[in-house]
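Please find the structures below.
Each of the two complexes below includes chain A, the first together with chain B, the second together with chain C.
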Partner chain A sequence: MTEPLLDVRDLVVTFASGRGWGGDRGRIHAVRGVDFSVRPGEAFALVGESGSGKSTTAKCVVGLQKPTRGSITFAGAPLDPARDHGQRRAIQMIFQDPYSSLNPRMTIGAALIEILRVHRLAAGREAAERRAAELLDLVGMPRSALDQRPRAFSGGQRQRLGIARALAVEPSLLVADEPVSALDVSIQASVLLLLKQLQRELGLTMLFISHDLAVVRQLCDRVAVMADGLIVEEGTVGQVLTEPSADFTRTLLAAATDLPPLDLDLEHRQPKQRSTP
Partner chain B sequence: MTGPAEHLLSVRGLRLRVGDETHDVVRGASLHAARGEVVGIAGESGSGKSLTLRAIAGLLPTGVAVAGGDIEVDRVDVVRAGPQVLRRLRGHTVGMVFQEPMTALNPTMRIGRQIAEAAMARGDLSRSQARTRAVELLERVGFPEPARRYRQFPHQLSGGMRQRVVIAIALAGNPSLLLCDEPTTALDATVTLKILDLLADLVRDLGIGIVFVTHDLGVAARICDRIAVMYAGQVVEEGPTEQLLRRPRHPYTLALLRAVPTRDRDIDGLRAIPGNPPQRGEELPGCAFAPRCEYAEPECRSEVEFVPIGAGRSTACRRHPLLAAMAGGTS
Partner chain C sequence: MSISSSLSRTGVAAWYERRSRRRRSSRGADASLAIGVAIIGIMMLAALLAGVLSPADPIRQDIPNALAPPGTDGHPLGTDALGRDVLTRMLYAARTDLFVAVGAVLLPLAIGVAVGTIAGYRGGIVDRVVTGVVNVVFAFPVMVLLIALVFILGPGIPTIIVAVTLVSWVSYARLARDLVRRERSMDYVLAAKVSGLPTRRILGRHILRNIIAQPVTFAMSDAVAIILFITALGFLGLGVPPPAPDWGTMIADAQPYFTTHWWLAVFPGLAICAAGLGLSLIADGLSQKWNAQ
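So, the complex of A and B:
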């Protein structure tokens, strides 16, 4: 078995719930002891409803949230809250809301070039510009986007740009927090297809956060189902979707609003006029 | 078939225009709903589905006006009605449920009182009668111990329970038509299911009609008897839910269905819709979907007509016989 790229052990995150007008000052146990590991090249999903702790877990992995307890090991080394430059670069994140994850005042080109230069990934301005253009090719955006600001783009295009931004520093782990749930159906499909293509072409390792089992089915190899800060079930996506072992997974599956199967012959083409007697 | 007299709601050729722009954002939407029926309006953002719903309640945002067509709700001509008639319509005939329950509720008022106020707006209940009615409504929408829960504030409730309060307020005036705009979009899947069950119960028990706007075809499949699919300000296809979703007769409906990730299909079965929806103000001669449509012919760029094709279905696609042939000719 290969060494895991990411290994999370006994992760606990507790928040002080603040002083409400009601007066009681409790603690919220957002994550209550979570263990999982992600192997290189694998797409691993954390699935759950709101308040299950899936996003808090992801934030701990990226370093946006300090764990109360537990350990996170990345590529064999412990990930402390104070991360070194290389560790920060190695784990990148794409967010649910593509509108707020891009700097509105910078052109796309300027933003990408800044990232490349800060991380010393391009020798000189020209090389950085070349690499920025390649990144746009990679996510299926026209190179003319380099001179435009985020507001010029639709939600799906902004999500592509967010992916380009994350990939600019050549991360070894991409954390995606509900990357398609704010997008329209037709746009959602194109972003899912892009992520799949990147997985296949770059061998990207992904930690995917979602509430939607159907979306997880499209992209992920393994899945952990979370409820109330705990993982209630873990397995391959096929296993969990078809033979769930936890009651909560069964509830989640029963609540999924599925479409009836299409009853159309999509290969059917209108017969050529001359060929029909 | 239901005759026009049985129609609770009838929208014909509705056109909506923003300000003094020269183009319409809703460009001829037609749909109808009867009592005891849930009719879905499905579409992506910018399709005009929410504006159409608001027009039905006479609640268009400032700057948007009806530029043509008719809306009739329970024999009231909504387009030509004055403010008093519209206020009466919203108090008595039509109830509304929106996406975000927290913004629809007053955070500083006990939930029971908010429902009681809505019940009193009708003008025929005393304060104590309205209170009794509010408790009944809380029970009706699924609150155990309604008399105790009457005194709670919105912030003490979960998202699903808040949405139940909004539904209770919408029901307070005894409406015959409930207009729902993405009522479950902000809710978890397990909660969504319970709200959909509640709405279905209300239709069955109270005999009301519901118009249900959603971007989620899976949710529409679960609750709607019929679905109208909107694209670029037009209803492009309408029909009974199961037939429409299994054997669509408009390429846009088909394209949407193939773009939805499902649990029984892996990513190789997923198809993105090429291109982008038309920009606001773009000239759209003929079918607005034609530039993105794999079945389009040159004629599609010049003519489009929303026509009945039998079995209670209508489509705006000239090429619907091809889609019928793909389904083996069955309806």
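So, the complex of A and C:
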């Protein structure tokens, strides 16, 4: 078995709830001891209901949240919140809400060029501009987007721009926190398709956070199901989604199939997706 | 499940909100801004060209011609109790008052926004200390502080600017702190962090740009308050020391003549109103323009 790219051991995150001087008063245990590992090149899904701790786990991985306890190892080296430049660069994130995740006052070009220059990924302004244009090509956006601000774009387009930003620093692990749940169903499919293509072409490893099993089925290789801050089941997507062993997974699956229009929609779409480039 | 509901909330509602805000903006904002800039521009120009517009000396006394009514030959706005030309004094007063207002706005704006931004972003102990200091200054009686300062530094323009700065930076600090606290958990800030941008850059290029509209708008309306404050100081005799003219001192000097020689108080009063109106219109126009963006 290959060495995991990301290895999370006994991750615990506890929040103090409310204000007060009493030390132990009102603690929320968001993540209560989570173990999982992601192998290079695979798409690993963390699924669960809202409040199950999956987003908090993702935030720990990208360094936006300090774990209360536990260890995260990335490419063999320990990862703490004060990570070094290289580690920060290697793990990038796609955010859930495409309306708030782009700076409204910066043009797309300025935002991309800033990142490229801070990381010294382009020698000089012209090279940075060229690279920014290539990034837009990569996510299927027109180059004219460089001079525009986020408000000129739809949710799906913004999410593509968010992906371009994440890819600007050439990460090896991409954390996608519900990347399509804020999008129109008809647009979800195209963004998922883009992620899948990128994953294949760039050899990206993905940690995919979702509450939507239909989406996970399309995109991911392995899945871990979270409930109440714990992983209740883990396995390949085929195993977990067809023969769930945990009661909770069965409930989650039942809830998903309760929505026939969505499932039908995605299933009908599948053959089409493969044919479109 | 929640896909369709979250879609309608984040997607359509956000789109619509942005859209309607943008429409509402343009014409009204442009008009306010243009009129405001015109008023303040003319006043500043008049202040700069005071010597050209009115060759008279603002502090030269001419007792025989004292209290001449407006329209008197050589004194279009009349003369005061010491025979000084009211128009000339008003022009030179504009110099003092506008200059002090600008200084007494920019300094607290810069200090307050810087301190507030850092406190709001860092949080924790830094935030608690800053908030504590801000609350103490808010509770401090301004006039007492000012009288103490005038006593220490002596009356004059620098004293006024220092005093106003000491008191009013806290408004900007509190405003900036709250705005930054709201902003720092926004996804685009988190995204900038994940991208590995240095904190200095995140604060300066990302957060500050998104919050600066409110402090600047507030500064414009604060300038009105500061002009009134300087005027009040002049009225109390703590302001610009005589015989240099300022609008407040002019009104204070006019006090005994309110009922008999109206022009002494009315013209400086009008100048104060015009400056206030101009700054308010600029503030209003700017805030509408920025909110639309």
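Heads up, the rule we're going with is that the second predicted complex is superposed on the first by the 249 of 277 C-alpha atoms of A that agree within 3 Å, B and C clash if a C-alpha of one lies under 4 Å from a C-alpha of the other, contacts with A are read in each partner's own complex, and residues count from 1 in each chain.
Convention: contacts are C-beta pairs under 8 Å (C-beta built on N, C-alpha and C of every residue); 3 or more make two chains touch, one makes a residue touch a chain.
Please read these numbers as outputs of a predicted model, since none were measured by experiment.
In the superposed model, A:Lys196 makes contact with chain B only, not with chain C.
Of the two partner chains, chain B is the only one touched by A:Arg217; chain C is not. Touch criterion met: A:Ala182 reaches chain C, while chain B stays clear of it. By the touch criterion defined above, A:Leu241 reaches chain B but does not reach chain C.
When the two complexes are overlaid on their common chain A, residue A:His29 makes contact with neither chain B nor chain C.
In the superposition on chain A, contact of A:Gly63 is made with chain C only, not with chain B. Applying the stated contact rule after C-alpha superposition, one finds that A:Tyr99 touches chain C and leaves chain B untouched. Looking at the shared chain after the overlay, A:Arg117 reaches neither chain B nor chain C. Looking at the shared chain after the overlay, A:Arg39 reaches neither chain B nor chain C. Shared contact residues of chain A, touching chain B in one structure and chain C in the other: 50, 184-185, 211-212, 255-256, 258-259, 262. Listed in rising order, the residues of chain C touching chain A in the complex are 1-4, 6-7, 10-11, 14-15, 18, 186-188, 190-198, 201, 205-206, 209-210, 293.
Only residues 50, 62-64, 85, 88-89, 91-93, 95-97, 99-106, 114-115, 118-119, 151, 155, 162, 165, 168-169, 181-185, 211-212, 255-256, 258-259, 262 of chain A touch chain C when the two sit together in their complex.
Those residues of chain A that touch chain B in the shared complex are 49-50, 154, 184-190, 192-193, 196, 211-215, 217-219, 241, 251-266, 268, 270.
Across the complex, chain A is touched by residues 44-45, 159, 188-190, 192-193, 215-219, 221-222, 242, 245-248, 254-267, 270-273, 276, 322-323, 325-328 of chain B.
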